[in-house]
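A, B, C, D and E label the chains in the order they appear, each numbered from 1.
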Amino acid sequence: MSKKIGDVILDINNISLSFGGVKALSDISFNVREHEIRAIIGPNGAGKSSMLNCINGVYSPQQGSITFRGQTFKHMNSHQVAVMGVARTFQNLALFKGMSVLDNIMSGRNLKIKSNLLLQALRIGPAEKEEIKHREAVEKIIDFLEIQAYRKTPVGQLPYGLQKRVDLGRALAMEPQVLLLDEPMAGMNVEEKQDMCRFVLDVNDEFGTTVVLIEHDMGVVMDISDRVVVLDYGKKIGDGTPDEVRNNEDVIKAYLGTSH
Amino acid sequence: QAKEQFFPLLSYRTGPYAPNGVPWANGKQDYLKMVNARDGGINGVKLTYEECETGYATDRGVECYERLKSRPGVAIFDPQATGITFALTEKVAADKVPLITLGYGLSVAQDGQAFKWNFPLMGSYWTAADILIQHIGKKEGGLDKLKGKKIALVYHDSPFGKEPIPLLQERAKMQGFDLQLIPVTAPGVEQKSAWLQVRQSRPDYVLLWGWGVMNSTALKEAQATGYPRDKMYGVWWAGAEPDVKDVGEGAKGYNALTLNTSGQQPKVIQDILKYVHAKGQGTGPKDEVGSVLYTRGVIIQMLSNEAVRRAQERFGKGKVMTGEQVRWGMENLALDQKRLDALGFSGVMQPLSTSCADHMGSTSARVQTWDGSKWNFSSDFIQADEQILKPMIKAGADKYLADKKMTRRTAADCQS
Amino acid sequence: MDTQKIVLSVNGIEVIYNHVILVLKGVSLQVPQGKIVAILGGNGAGKTTTLRAISNLLQGERGAVTKGSIELRGERIENLSPADLVQRGVVQVMEGRHCFAHLTIEENLLTGAYTRKSKAEVAANLEKVYAYFPRLKTRRTSQAAYTSGGEQQMCAIGRALMASPSMVLLDEPSMGLAPQIVEEVFNIVQDLNQKEKVTFLLAEQNTNMALKYSDYGYIMESGRVVMDGAAADLASNEDVKEFYLGVGGGERKSFKDVKSYKRRKRWLA
Amino acid sequence: MAFFLETLLGGLMAGMLYSLVALGFVLIFKASGVFNFAQGAMVLFAALAMARFSEWIPQWTGISSLLLANVAAFVIAGAIMFVVAWLIEFLVLRHLVNQEGATLLMATLGIAYFLEGLGQTLFGSSIYKIDIGMPKEPIFVLESAFQGGVLINKEDLYAALIAAVLVAALSVFFQKTATGRALRAVADDHQAAQSIGIPLNRIWVIVWCVAGVVALVAGMIWGSKLGVQFSLATVALRALPVVILGGLTSVPGAIIGGLIIGVGEKLSEVYLGPFVGGGIEIWFAYVLALGFLLFRPQGLFGEKIIDRV
Amino acid sequence: MLYRENGQFKTTYRADQQIFPILQDRIVVGLFLVFAFAAVPLLASDYLFRAILIPFLIISLAALGVNILVGYCGQISLGSGAFMAVGAYGAYNFFVRVPNMPLIPALILGGLCATFFGILFGLPSLRVKGLYLAVATLAAQFFSDWMFLRIKWFTNDSPSGSVSVADLQVFGLPIDSAQSKYWLCLSILVVIALLAKNLVRGAIGREWMAIRDMDVAAAVIGIRPMYAKLSAFAVSSFIIGVAGALWGFVHLGSWEPAAFSVEFSFRLLFMVIIGGLGSILGGFLGAAFITILPIVLSQALPALTRLFGYEMGTAGVSHAELMIFGGLIVWFLIVEPHGLAKLWAVAKQKLRLWPFPH
């Protein structure tokens, strides 16, 4: 499998973020290239999720800037980020609990819906067609994630692992250029992790989606990522290919421990 | 088929206004029981009734009305609440049942040529306000002495409380006193700012337009802010026992209008005690019989009965009257002192006679004063000033007719 | 296994959610005194439901045990309240953390000691938890909601330990924890098990770790126990190896080269 | 100036009285995450019990001392509130563990209806009197500084004192004791609280009991001011902006919120009201609360609303 | 096995996206509509129409509006009474001030006034959430109570502040008989319910629910909270406003601000919760429960006690009614915390499996 890794698509420059006394991120810089799978690893509380939150505009970093496709932002706005084609999954499931699996994933396509309120209310012509068009796209994702049987189930009732899949499905429905995944494989067994890896790799392969991945399972990270950033209590302590990182002294000390 | 005239009784025995609603409802019901027991009904027509709880809420009132309006032999409705009155005004015209609103409801409805089905008997808020101003003027030594005085109206912030304002403004213009309007949000449990305002402007008199819990609260706040109670005058809905009893001494000197006497001496009350309570069929407790609102209930029911009786005189004695016929009876009441005596109402109320043009029948009321344990009269019956009222009523009724695209009733219609 | 003293035995329970969704279809398992027992299985197999049934937390999910019985040291416990169970030394660490969001980490831990009346014991337990999870100590004054996912997981585990339990039901303790910490958590489990004779029943996805540390394992699939056995036996079973350990055919496969077709599990045939 | 002071003081006192009702809301919200719609009904119910028993006890036993009758009535009413709390837990809350706020809110509404019906059935629906010997006549202070002095209502003053004591005691209880901590834990997550052995049933009985006693005190004071009657339940609506402004979870917030709302609404009614026809105080109170919320969406002292992903 | 969807395969997404994808549902709903439009007018008495059916239809409409805001978008509103009042007074002013204003446009304009008012008081929702938001909506409630009492212009200078309308017509047909009023309300309800259903199952509905369930995540997938919340306020207050106008025009005929009091707002909220948040059907069930049950109780109770030879006074009846009503609310919640609609869904699911228990 050969894939072409392109130019830098997302560039994080000297981001610092703190909450009261806690420095969640201090002066972090790294970049993400088009089509690559970029992993972020680090011990608990290192600031990995916070980093994604900054990219997403959920948090506003106190310092630094983020460059996306050549445009530089001091702070991102969630809506704008989504429009620019960045999708995201969450560490502590942030699904829409009261909605069915189908609706959850459909909501990922809302940005693409053009018909206005009145048309939607009447549900005639273009509105209906549009709805069906998106439904088709969503059904593909549902097939892809193998959750056909749960289509109409409220997500709150699904077991944890499937909820994670739905979360991924919702992100995929946005047809993003950059996909941010926050521990997508937590709470899964090996078989399920393999499935998940397959999904991620397929997305990356077929659509050329750039993936930023946070994961604690080193097996997964080392196997599928192209480059890895290592954070430790807000600081960057390593950045490079899996092999480089694996052999980095600091990283071993701070995170990997001896068993890996 | 038994001959029965049916009286729907809309009442409220729960909710914020229950303390006042209960004696009122009991009076009506006891009078019906008494007439059945004593006279066997009206010329042999038995009187039946059914109570329906409205809780003072308009929508439930409408439901009660709809439920009871098509009962056979339905005579008349007394909704016991201003809000329900508004909602029913249109409906009774369509359903052809008269609506009696004794001492409340729309003031302009006195004009029977415009309001065919409404009967604000014995007084409206305009007459009440006018009588109070006259009384205060008399106390000051003449209406002209009111010039430069300050009178505050502390009122229930609803159409009920706002109704007297146009008349008071008219009077203020005429007599040259200062009218201060102080609304109290319903149901009136928090009145501190109202009384702070009273304390600030120190009006010479305070008129109290309250109902239910608002009245006793007002008296307590007056006491707490040191406003003299003997400068306070309530409408006849703010002058019953529940309003002052629990304030006790604190309400001493407080004055209120009344349409009727209270107490257990009148013959009709004695009859009720004898024919109803003595047999253990009383609706409420015995000691409530003859209280202000109870007696008012009795009067309302008596007037309704008299309307039926009057209608029977024209349309056939001993027959069950339709709503339309009762309306005619209501419009042609003629209760002189003799008739009142015969009915056992001597001294209880003023004589009254209605006509097609005048649906009120009498516009007088008197002032009573609370002495710490009971009500005593402190004035004679005072009549509202026709000169002032007439044009206002005419104008209001004309506007109503214009809005509704209706015309005044013709003389022929008055005969129907 | 019957030679050992059984603390907890679950006998053929059925669990229904919302009056209609049948989730557990006759699950039986035994937990011997002083051992570590693991429940393994894929997503939705019913592991969490089993633990909830034991600790009586089903009611809040509108679920109910409709058949079978659960016994703790010979006593039927289906009708006890969760608090009664904690009094009897059984504490559950819930899946998905469930820290008290508005309480600080330290307050969270102290609430965990609600059933402990001795001040000294509480203080000692607190020290012990901080010793196990030094990260918690540095974040002790933060509100739990504002700590990272892993910190919350540590908090949840620590909170359960504060009750000085004799038996702990752990639901996916390793989820979201960094590998080092995972190792640590299992070491703690082992530690408590050996030193303080605490019995563990754990539901885990990290089969590798679970089988390494536990004595006995049950494998669940769609509401049934499909296989059970000593941990070592399970670890050497071909199917388990392939599906749960990712080392089917002897070699660990790279996640990059996973096949996109799947072999059917033998027990589903 | 004197009048301004009077208005200010009046507002402060009215605010304290609101706080007393607000406190009940806060207690239950804090301890179980439930917005207790039945608080107004509880105030009414407790006050009715107190009023009727203080009337009945002298009749039944011939005790003529007002103080004795009142104390006995208070104790009996308190006991009744305890039974109510226990029944609420046993019949309602226990079956609704871990349900959403809206569901629990509805349940408290059901309780409110029930208590209103039961209260009036048992105790009647007239106006009743609670006479705890509060002085009714006003006093005047600072007569040397202002002509006519500044009027102070002694009754309000006592009521405010009682409210302050109650609030102080409850604040300490919540902040300093293990039970207080457990209550807060329950509010955050019923299930997790259960899982670590907090006996929800007992906690809820305790809290509803305390809230019942607070309702009784509120009912007693309001009742002694207004007379006990159905409308007493509606003071809850006046207390609502207080709770929200102070923060649903903060006991001291109930006090501060009460003072702000009390002063704000009285000043607005007295000084702004006349220009727009009056009657503005109730919506002004809400708008005032809203104004504060725009700056602090969780109320002045409320716990921060957490939404993290 | 009566209620089986087996064998009903959907071959197109259009078919699968119908409002009622299951054949039995479609038949039942169709029959029900025929019944409501054709059979009920033949069977029902005047009382049933005027006191129960018409108010029920109007309140259902209002509950539908409230459900969009509270149930679908998760914004707790206690100001529904205000939106109704604005709708009613707005429509009234258009109706009496504009010469020859037809009824339907007046209702719609009333709804639009409510929309405007709703958006205005919805603005705080951008910052204030949950129960705290209830304060904003209560502010709307008390402000509107005050406004319609105090500002004479709104009541066309009526001295008492109560207003009334007469001469209602739709396309030249007079709306005065009970049947005609019923048809009018039913038609409006059906049309609006259909439109609302389309909205909530479409993109905008998903936006509302997303905001309700997890607003941060919603923002991250590109939903603008401002647009979603304000559009929910707008749509919901439009529907509530139309309901308010109908309540004034068709049901009461003549009204004062107290007809739209805060109790009304509370009741609407309760209907939605007891019926089922986020369910159109739930709104109807809740409205039926909260409006019809007390009426039924008030009539059934005396009859029942009479059976046992005990005459119950109206006071006793209404107190007992309160207690039973409260008890029933609690009981239903214990059986199914997510409301009557959920109860119905569970029942259907059981039917689907019947005669097997699981």
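We take it that contacts are C-beta pairs under 8 Å (C-beta built on N, C-alpha and C of every residue); 3 or more make two chains touch, one makes a residue touch a chain.
Which chain is which protein? Per UniProt: A, C = ABC transporter ATP-binding protein; D, E = Branched-chain amino acid ABC transporter permease.
Quick caveat, the model's predicted, so the values are computed rather than measured.
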| item | value |
| --- | --- |
| Touch-network distance, chain D to chain E, counted in steps | 1 |
| Chain occupying the most central position, where position means C-alpha average | E |
| Chain separated most widely from chain D, comparing mean CA positions | A |
| Distance between the centres, which are taken as Cα means, of chain E and chain C, whole angstrom | 46 |
| Chain C and chain D, separation of their C-alpha mean positions in angstrom | 44 |
| Interchain centroid distance [CA atoms averaged], chain A/chain E, Å | 41 |
| For chain D, residues contacting two or more additional chains | 99, 120, 125, 277-279, 282, 308-309 |
| Residue list for chain C, restricted to those that touch at least two other chains | 146 |
| For chain A, residues that touch 2 or more chains besides their own | 58, 90-92, 94 |
| Residues of chain D defined as touching chain E within the complex | 35, 91-92, 95-96, 99-103, 105-107, 109-118, 120-121, 125, 237, 240-241, 244-245, 248, 276-280, 282-283, 286-287, 289-290, 293-294, 297-299, 305, 307-309 |
| For the chain E and chain B complex, residues of the former touching the latter | 45-47, 50-52, 55, 96, 149, 156, 159-162, 164, 166-167, 176, 251-259, 263, 295, 298-299, 313-315, 317-319, 322 |
| Contact set on chain D toward chain C in their complex | 97-99, 178, 181-182, 184-185, 187-201, 249, 303-304, 306, 308 |
| Touch list for chain A against partner chain E, complex | 56-58, 78-79, 81-83, 87-88, 90, 94-99, 103, 106-108, 110-111, 113, 115, 117, 120-123, 127-128, 131-132, 135-136, 139, 170-171, 174 |
| Of chain B, residues touching chain E in the complex | 11, 13-14, 18, 22, 25, 51-53, 55, 57-59, 62-63, 65-67, 69-70, 82-83, 86-87, 89-91, 94, 106-108, 157-159, 162-163, 165-166, 186, 283, 396, 403-405 |
